[in-house]
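In the two assemblies presented below, subunit A is common to both, partnered first by subunit B and then by subunit C.
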Partner chain A sequence: MTAANMNLADLIGLLIGFSFTIFILSYILGDNFLFRFATHIFIGAAAGYASVVTIYNVILPQLIFPLMNGGQGEMILTISLLIPSLLLLAKISPRLSKIGNPAMAILVGIGAAVAIGGGIFGTIFPQVSAAVNVFETNNFLEGAILLIGTFTTLLYFQFNSKQSKNQRPAIVQATKLIRWIGKAFIAITFGALFAGVYVAALTALIERFSFLWTFIKELVLPAALG
Partner chain B sequence: MEEIRCPMCGKPNPDHLETCQHCQARLKPLIISSDESLPAEPDNNDAGLPDWLRSDQQDEAPSEAESEAESTPEDDPADDDWMNKLREEGDSAPIDNSALDESPVYEDSEEGDWLDRIKELRDTDEEPPEEDDSSSLFDGALPSWMSEGGEEPALEESPAEEDSSIFDGALPSWMSEKEEEPTTDEVIPQDEAPSPEPGASIPDWLAASEEQAAELDKEVEVDESELPEWLAGSDQAEPEPTPEETPILFPDLQEAAAPASEELASAEPSDDELPDWFSTKAESSDDSPPSSEPADDELPDWMTEPSGVEAEPATSIPESTPDPDIELPAWMLESAEDVDAQPAAESTEGEIPDWMSGEEAEPQVSTIPAEPDPETPDWLEKIGDDAIPELASDDLSPTGEDIFKIDQLTELLRDEDDLQIPEPEGAIDDGLAPAELPGWLEAMRPVESSADGDSTAEQGQTEQTGPLAGLSGVLMAEPEIARLKQAPKLSSRLQVSETQQEHVRVFRELLETEGQAEKQAKPIVVSSQGLLRWLSAFFLIFVIGLVIIGETQFVPAPPQASVPVEVLNTSSLINSLAPKDPVLVSFDFEPGTSGEMNAAAAAVVDHLMIRGAYLTLISTSPTGPALAEYFISTVQREHQYTSGSQYVNLGYIPGGASGLLGFVQMPQRIKPLSFDGFDPWITAPLDGIYALSDFKMVLVITDNPDIAQSWIEQVEPRIQDTPLITVVSAQVEPILRPFVGGEGAQVRGMVSGVIGGTAYEQVTGKDNLGRTYWDALNFSLMTAIAAILIGGIVNVFSILLRSRNRGEA
Partner chain C sequence: MNLNLKLKSPVSTALAIGVGIVVLLGYFFGNDPSGEATTLGLLRAFLLQGAIVWAGVAMLVGIFNLASVHLAKIRANEEASYSFILLITLIITLGIGLYDIVETFTQQEINFQRTSWIFNYIQLPIETSLMAVLAISLTYAAARLLARRLNLISVVFVGVVLMLLIGAMPQVAAQAPILAEIRQWILRVPTLAGARGILLGIALGTIATGVRILTGSDRPYTG
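Our next item is the complex of A and B:
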């Protein structure tokens, strides 16, 4: 890709991308105007873009167009959904916010039900089944590690202790050992997560440097070298 | 401007006002000069003495200090109150005695200055001054002991008249005698009258005072201008006063008596030089007019009671025996010394005042048969008969040296009321009814002389200033709070117990420790955090830049054998797709991670396109549709996929998990239009798609584990046999790993990050963005690992060095 075979929009997009990349990388010198300017632009552009996408991709096709072009049943359904949507607008005013509570209650209730149902049937049961099935495979070691890791990690968050008469509450030594093992698994998990975050960030940096070098190599250097 | 607070209402007033501007109360009290009203240094021993005794003491005080300069007229004790007023009376013009008849009752009898009232009577007298009246006036105005000394010569020349005895009953004879004394000095010229012998016509104590005054005149030359008027006037009136004839203590008295001197000179003295009141009393027994002469029952008690004391004199006198430590008045001492110095034979009764002669006669009375002396008053005889003998027998020495006990005499005079307190039974037995004092006589009674200290104390504080001066027991005009008081002395030391002291100590220690900075271990300060950051950034940027610019591929791609199972499963699943199979691809990542996600998903999507699958793009993030378009048009531009034919972008699904669930259940209703605005359900990619299970594969590209989990929880259970594969960021892989597995796993295949993408490229055999970033990623990771190792080693050495230093310390 060279500047010659690039349209103006792409060229402007590349220039803007290059500039804002430099602005963001200027943070290595500390907080400065260029960094703040770039972050503000990104935040504003993302919000504006999200609004436009919502309008053109949600409101118009699912609310306006059914009212305008939909059938009677579709209009009735749309109006029945429009009313609670308008009541949600009352949440803007603190004085009228109670009007939007029913619609908000429906949304929260539905969201909670979806999350709970998905968690039970999409995570807990399948994970329990997968943990059991690990031993059905021939990889006993992997299954054992998964079982020990899961068991010890859950016991790590067990804070009950036995209290004898006239003695201070004490945790059994075996529980302490299990908790220590669980803590080790948690530490390894956090290490893996940190490594994944670091790799993701490092990849983003590499991608940006690659973009910069590509921009320079294909646009700046040909122009500079003639 | 200063302010004066009103004693009545308490409001402030300017200091120049005499009365309160609010309540009209007097702000400045009427203050009698302390020199005149109060003795300069009141002696405690004189507390019980009447004013006239105290003033006489003060009169004698300067005479004792003969050589002192305090004997100037300003400091002359003759400035006493009653003397000053008496002096003013002498300066006053006509004396009106008629007022005595008109208003004999004196309401100010409690004032104590009973001499003032006598002078007031003189002032209110309407009748022209008559010599006889004047003489009678002074007969009553002065105590007999005063008038007696001067009266003796006059008594020899002037007969007593009836008018002159008007006040005889009102005043004691010893006062009238004293008053008449200067009169005789005026009446008898010095050249004509024979000069009285010292000690004959003037009491010795007066003579001594005269002698002292004469010596003072000689020693101290007093300027005439500095002298007060009364003293100067006396000098003018008597250009050549002889010390014997003119007592220096009473010059004004002489002037006051001057108009009546001639008449007094012609007046016949009473029989045998008796006091007037004695003579009048004697006459009254025969033919005295009742109107002009008070009866015996009208006499005050203190005058009549001495006669009654004879009933029980011994009971009162011993109680009034003075303390020998009490200092005697100077004048009394001198008089006593004079009396003692004179031989008894030389002292004639006529030369000694009656009251003194009576006292001196007591020893004789005790030894000599009672023979009433014509010059001795009855009350003295009574005392001489009863009371004095007790003193003589008990207190006085038998040698006769202490014949005249002034202390006892003073107490006797002082406690006259005490003498009359016990009702004499003898008087009742003798048929003498107790006398009732008339009002005017009661008013003239020298209350202070008879009142003892205890009664005064009971009555309250004596008013010192203002028109009520001298009155005791007067309600205070000023509120108690307005009076100046000395602040109560409160102890400034706190009563602190040991426990409280311990608490104070602990609290003080806490406060001291609060003010001190806590000692903190110095943190290990790297030379500069910025420098370390600069070094890290420099090495990373240098390595990454070097690799990218060099477009090196030093690091070999992961071998085929080392490709993860999930990557292989993903590849196999894609390989199982037939051309034009519908595949649902979800772009649920943010622009910030687009670089990684593009590199991870490039090989997978490229593989799908290679397989000729129709792609349906969807996103639960608002930015997802745009990123999907960018990915298809940029990253996978070589495949020339066109929207609506090979792929369709359904756009954004709002509502998160709920929207995703709705999309699973009713895809056409949730997404009726594509991201481009056309009906996607009539396009080739969505042809025959009515549910998500109709898709041959669901590919989720996400950098968010929650979104991945939502897809797994909400979509995977409802897509039945449709495999769900994921292309996730490296940071999501640990979380999604439990869902990834073999055939029974929820996620059939997974490609994670650049590493997974590069591995997938190795599986497909086609390099893509993963391989581009592979070297840079590996070098940067090695740089990071090296930095971590170097940092760890430095920390270990620093800890060891620190522990070693602690061990040495």
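Our next item is the complex of A and C:
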């Protein structure tokens, strides 16, 4: 990275990137207007970018071009996609918002069905099959820990059981113990996830400091020293 | 028996249930024994393609809503400067993007140089810097956890984090291979068990929510 082999747009871009990096990292000292300025710029740019990607990749090829260039069958299919799309646009206005409800209902219905299908075929079947086969690939102790861990973690999520006054103390104690074991397994899993996210964040921090140092060394110092 | 059913938005509810059942049945009866798509399978494919388009339109509606909320903030003079910055950035990015799209179609050649410039020099540095700030926030959060809630579970959590981080260092793995082995074991056995339980819990919760929508008990689309 030297100023000599860079065009003006890249040079300005690097200066902007350098400034925004400093603005965001200033959050380490506490919430301040530079951090807020950068985050609002980020939200605006991200929303604009997402709109452009949606228009270019979805709206134009699926809704607009088939209407302009498609055959009769394609046009009918596109019109049947266009009507709910127009109804959805009514959601923009609070007064007309109810007109968009049927289109939103279709979207939610499809989403719910896809979520059920994904949950059954993408998670329940593979995970249950892996859980029942733990003894095939692991030694007995590891298999037992895996099975107990899965079982107790799953039981920890059961919030609907009410404790009745007549329940035997032994059962109450056993439930408490099972849930505590589940909690311990969840703590270990979250610890592993935390460590993974922490390493990724640390990598980003190192990359940003490296960028700042390279920018100063290659562009700022040569310009300052003539 | 007096059921006293008061059905709100019957058309929307019927649409959500009907479309959902068609898509769900499409999972099971979408293909005939020879592997050819059945009518149900074709209908499901059409609805899924439609869902992509409608989700795209819904996202544009969401972005328009974001803009109108910030416009209202400017009018109410409530943190107006930040909202103004956000709106200007949104309009500029959208304008440049639309210009790139028009140029791409008029010149018959993909050209998103200007949009890529915004992505590379504004979005990417801010995103990476936010991720970098997360490293400091996470360190602070872990320290606070031990200071505020010192119990066996929090000690296990922090202990696992430290063990995994130390065990991942190449120098440590070379000097004390047992630490690297413990790290591998933690990842292979208890972490996998907990993750599997959490995944199954999430899947069961998702299915329950989906079933509530498909039976009309939950109607998040009304309003």
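Points worth noting:
We take it that the second predicted complex is superposed on the first by the 192 of 226 C-alpha atoms of A that agree within 3 Å, B and C clash if a C-alpha of one lies under 4 Å from a C-alpha of the other, contacts with A are read in each partner's own complex, and residues count from 1 in each chain.
Simple rule for what comes next: a residue touches a chain if its C-beta (ideal position, glycine included) is under 8 Å from a C-beta of that chain, and two chains touch if they have at least 3 such contacts.
Every value quoted in this text rests on a predicted model; they were computed, and no experiment measured them.
Judged by the touch definition given at the top, the superposed model places A:Ala38 against subunit C, while subunit B stays out of reach. Once chain A of one complex is fitted onto chain A of the other, the partner contacts of A:Ala46 extend to both subunit B and subunit C. If you count the residues of subunit A touched by subunit B and by subunit C, you find the higher number for C. Looking at the shared chain after the overlay, A:Asn133 reaches subunit B, while subunit C stays out of its contact range. Residue contacts after overlaying the shared chain place A:Ala204 against subunit B and subunit C alike. Using the contact criterion defined above for the overlaid structures, shared-chain residue A:Gly111 touches subunit B and also reaches subunit C. Of the two partner chains, both subunit B and subunit C are touched by A:Ala192.
With both structures placed on the common chain, the touch criterion links A:Trp213 to subunit B but leaves subunit C unconnected. In the superposition on chain A, contact of A:Leu89 is made with subunit C only, not with subunit B. When the shared chain is aligned, subunit B and subunit C each come close enough to touch A:Val58. Residues 28, 46, 49-50, 54, 56, 58, 60, 62, 110-111, 114-115, 118-119, 121-123, 127, 130, 189, 192, 195, 197-200, 202, 204-205, 207-208, 211 of subunit A contact both subunit B in one complex and subunit C in the other. Against subunit A, the residues of subunit B that register as touching in their complex are 533-534, 537, 540-541, 544-545, 548-549, 591-596, 598-599, 622-623, 625-626, 651-652, 654, 656-658, 661, 670-673, 675, 677, 703, 709-710, 712-714, 716-717, 729-735, 738-739, 741-742, 744-746, 752-755, 772-773, 776-777, 780-781, 784.
Residue ranges on subunit A touching subunit C, taken from their complex, read 9, 12-14, 16-18, 20-21, 23-25, 27-28, 36-52, 54-56, 58-60, 62-63, 77, 80-81, 84-85, 88-89, 91-92, 97, 101-124, 127-128, 130-131, 138, 142, 145-154, 156-157, 182-192, 194-195, 197-202, 204-205, 207-208, 211.
Against subunit A, the residues of subunit C that register as touching in their complex are 9, 11-13, 15-24, 27, 46-61, 63-68, 82-83, 85-94, 97-98, 100-101, 104, 115, 117-136, 138-139, 142, 152-154, 156-161, 164-165, 168, 186-207, 209-211, 213-214, 219-223.
Looking at the complex, you find that subunit A touches subunit B at residues 28, 46, 49-50, 53-54, 56-58, 60-62, 65, 110-111, 114-115, 118-119, 121-123, 126-127, 129-130, 133, 137, 189, 192-193, 195-200, 202-211, 213.
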